[in-house]
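Order as written gives the chain letters A, B, C, D, E and F; numbering starts at 1 within each chain.
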């Protein structure tokens, strides 16, 4: 394991701004959930690339819920920042905002966590720098990353529920 | 709550077959995770439409993990079938297969659950038929739906962990 | 000519399901004919790939007529199955269905035959397995393939009309 | 039937020039047949619109064969001109040329006939001007249109082969 | 002319981050100039929308030069901020940066000015807030806007060169 | 500097015809400026390729103004012809026409100059043939090219305003 200097979330934060176009929408003229996930994946991948300075591939997408419709013509802003790294993997936190500018409406529509693995040109995993959180929110997300990671491993059947110590606390 | 006749998963199953094209791929010439999620969302939405015979909107995407790369030129087959309905929402099970046909390689790359809500033209939720599972696998997914729903509600902070009785059993 | 085992149409059948999106439509909000041909070509190519287990290229598209409009938001289902093989070429039969699910309308909109050639990495034609039809419909399409092939050759000016024995019977 | 003045093919001819982009290509880096048909349909529809000064919809595509590959980066030029009108329908002749400019190679790759129907805002067919051919080639295509129309009707099972007088001559 | 409160450039600044995908590139695998202009237009339009809180349409694009290639897989970051408003029109300054992250290369590739007009639902021009520059750079761009506006008017033949007092100073 | 034979603008003229599709449009259902620039860049690049018989890259786009909206469903025709060459660079003149065919409306919406550089496979600039204008308009554009080139160099800060002799005449 190489001795890479730690990096702060602010060093790799990514802001992506997009206009909702006709082909992105469903019968109700709202942005399709899958299209938004596509944009979120690209924004998060750029952040993971910036943190690791490597090629990255998507490893997993945590539960994402869609409670607010985003309309045709709205402006979507996605901010992506790394929360914590584990060897070759990085968890990225995403926040999605939607604006109907002429109507003066702005709302946060989604929050999600995507995980990426840094790889070399052959696709082999490779170590990434650790994350050094700065703000209170970054620290909270850094701490929660362990719990989310256990949930991912349990859901992927790569960890037994009874070994997920962080998760068990939650349900105690 | 209307008295709609129950429907079987086989009545709304959807098969989507796609070719991985250059613009779907990353630097390693593999399908981007977000693009796959986009396709999965469309396949699952068609299944939910077929089950409910209504307009549907994506409500949530459960944890999806990407462990196998899918290459440029591969054929991707997505099958989507409804597992269980709760009032106006439907859980859809997705299985993704990828084939490199000239190389004779075929593999299951992803399994996931997406949830949809049936709505009327105004976007208001509307009751959908209950699901009547037939095969052993369909019954297992029908039973597991309750546990996955609790997890979704806990993660969306709409249920307290200590009230998630099905989930607690898992960690006991 | 290699001694490849025969294959049944059911071994390579392909189902493609697509949602009609805004950019696929014309001024009347109906699916453009050319866009449908594009989807049919991909579905048929996948079937031909699966039958031959080779790279394939489109050789010809037989007469396709468009008598039923398919609307924005409709679900299009294309099924493609191989009918007969001639050395390195395969004829694929396509059937297109369109559903307006909330309105409860489902109709068969198109039937067509596309022909593909299996090629190696250099683009050279290469032998493919013969087709062994099973059902009555598959046998009828197998038999008709000879007549359609003569029509293709006559139209491409690679056969003289008076040599097209199968076609001449039709007009006798 | 209204007394519309005849129009010449040169009054509605359309030239479409496109660059073959990565997403248009197959595994061999050649333009996919279906993508070319999509472009041809748009070029032909513009010609039919110009001839009729109406909204038009694709009615049918005659047999198209693909004998020459068109490579990534090639320039594709499609010319479309109306050959003959029958009440509300127009036959359009298409010629496709492909150029690899840095290599100094230019070739005619496809010739085809597409048919369109002019419609009003409700989608009802509406009369179009007759075509007045000028050059020898235009006159030959004008004359052949009758035979091609009979073939289309026979293939669509809307005319009995024995009634197709023009076609029968061909096989006599 | 309404008495709208002035707004600062920082209140409407937009950051757009994009990955260069295969279909965006030319034969040399570099981003096509026209595709970059397309992205710049969207980023600038969002900024103009945010400043005016209105629908906006592109009025003009000033001279843009492309001296640095941007490669497939690079990350493009476009920042757009308003420089000055004239009645219903707004000038937007754009800066484009390209990063090859795994190679550790980051460069500024383009600087440009786009102009937008705010319109109502009928497309009629409508007054927008004036711009109040804060930083030295913003003030310099605010001052230069007058000269660039005269150049635009002269080039569009809506002002005689001899009346372009600001421009004439430049060549004196 | 090689002794390449001069070529006429008519030898490389390009006509591109496109239909305005939903995804090309803004909230007012009009073609977005950036999308039009994208199409113009491709049309102009094909002309520059044809003149030089080389790979070309966009060097600059001169001021383009957008005074006329182009609506969804309109037919856009772009003609591109080379005006003058300077060593390895070529200036291309573009004229954009838009037709609403069913309404019988046709208008010239944009005129612009794009500049391209011919390069070899390594991206190195390479000499191109000189342009020999034929018509009065071509000669006028040939002469004006010198003035536009000076303006480009001044705007790119590669020439001092006081050295731009052609431009100075304009403001005298």
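Just so we're on the same page, a residue touches a chain if its C-beta (ideal position, glycine included) is under 8 Å from a C-beta of that chain, and two chains touch if they have at least 3 such contacts.
None of these values were measured; they are calculated from a predicted model.
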Name, by label, each chain that touches both members of the pair chain C and chain F.
A, D
Per Cα centroids, the chain farthest from chain F
B
Contact-richer chain pair (by C-beta pairs counted) among A-C and D-F:
D-F
Just send me the rotation angle from a CA overlay of chain A on chain D, rounded to the nearest 5 degrees.
180
Counting in whole Å, what is the centre-to-centre distance of chain B and chain E, each centre being its mean C-alpha position?
42
The distance between the C-alpha centres of chain A and chain E, rounded to whole Å, is 30
For chain C versus chain D, what separation do you get between their C-alpha means, in angstrom?
20
Residues within chain D bordering two or more other chains
22-23, 26-27, 42, 45, 55
Which two-chain combinations qualify as touching?
A-B, A-C, A-E, A-F, B-C, B-D, B-E, C-D, C-F, D-E, D-F, E-F
Give the list of chain E residues in touch with chain D in this complex.
22-23, 25-27
Which residues of chain B touch chain A in the complex?
26-28, 30, 32-35, 37-42, 45, 55, 57-67, 69, 119, 121, 123, 151-152, 155-156, 161-162, 164, 167-168, 170-171
Partner chain B, residues of chain E touching it in the complex
21-23, 72-73
Can you list the residues on chain E that touch chain A in the complex?
14-19, 42-43, 45-46, 49-50, 53-55, 75, 99, 101-102, 104
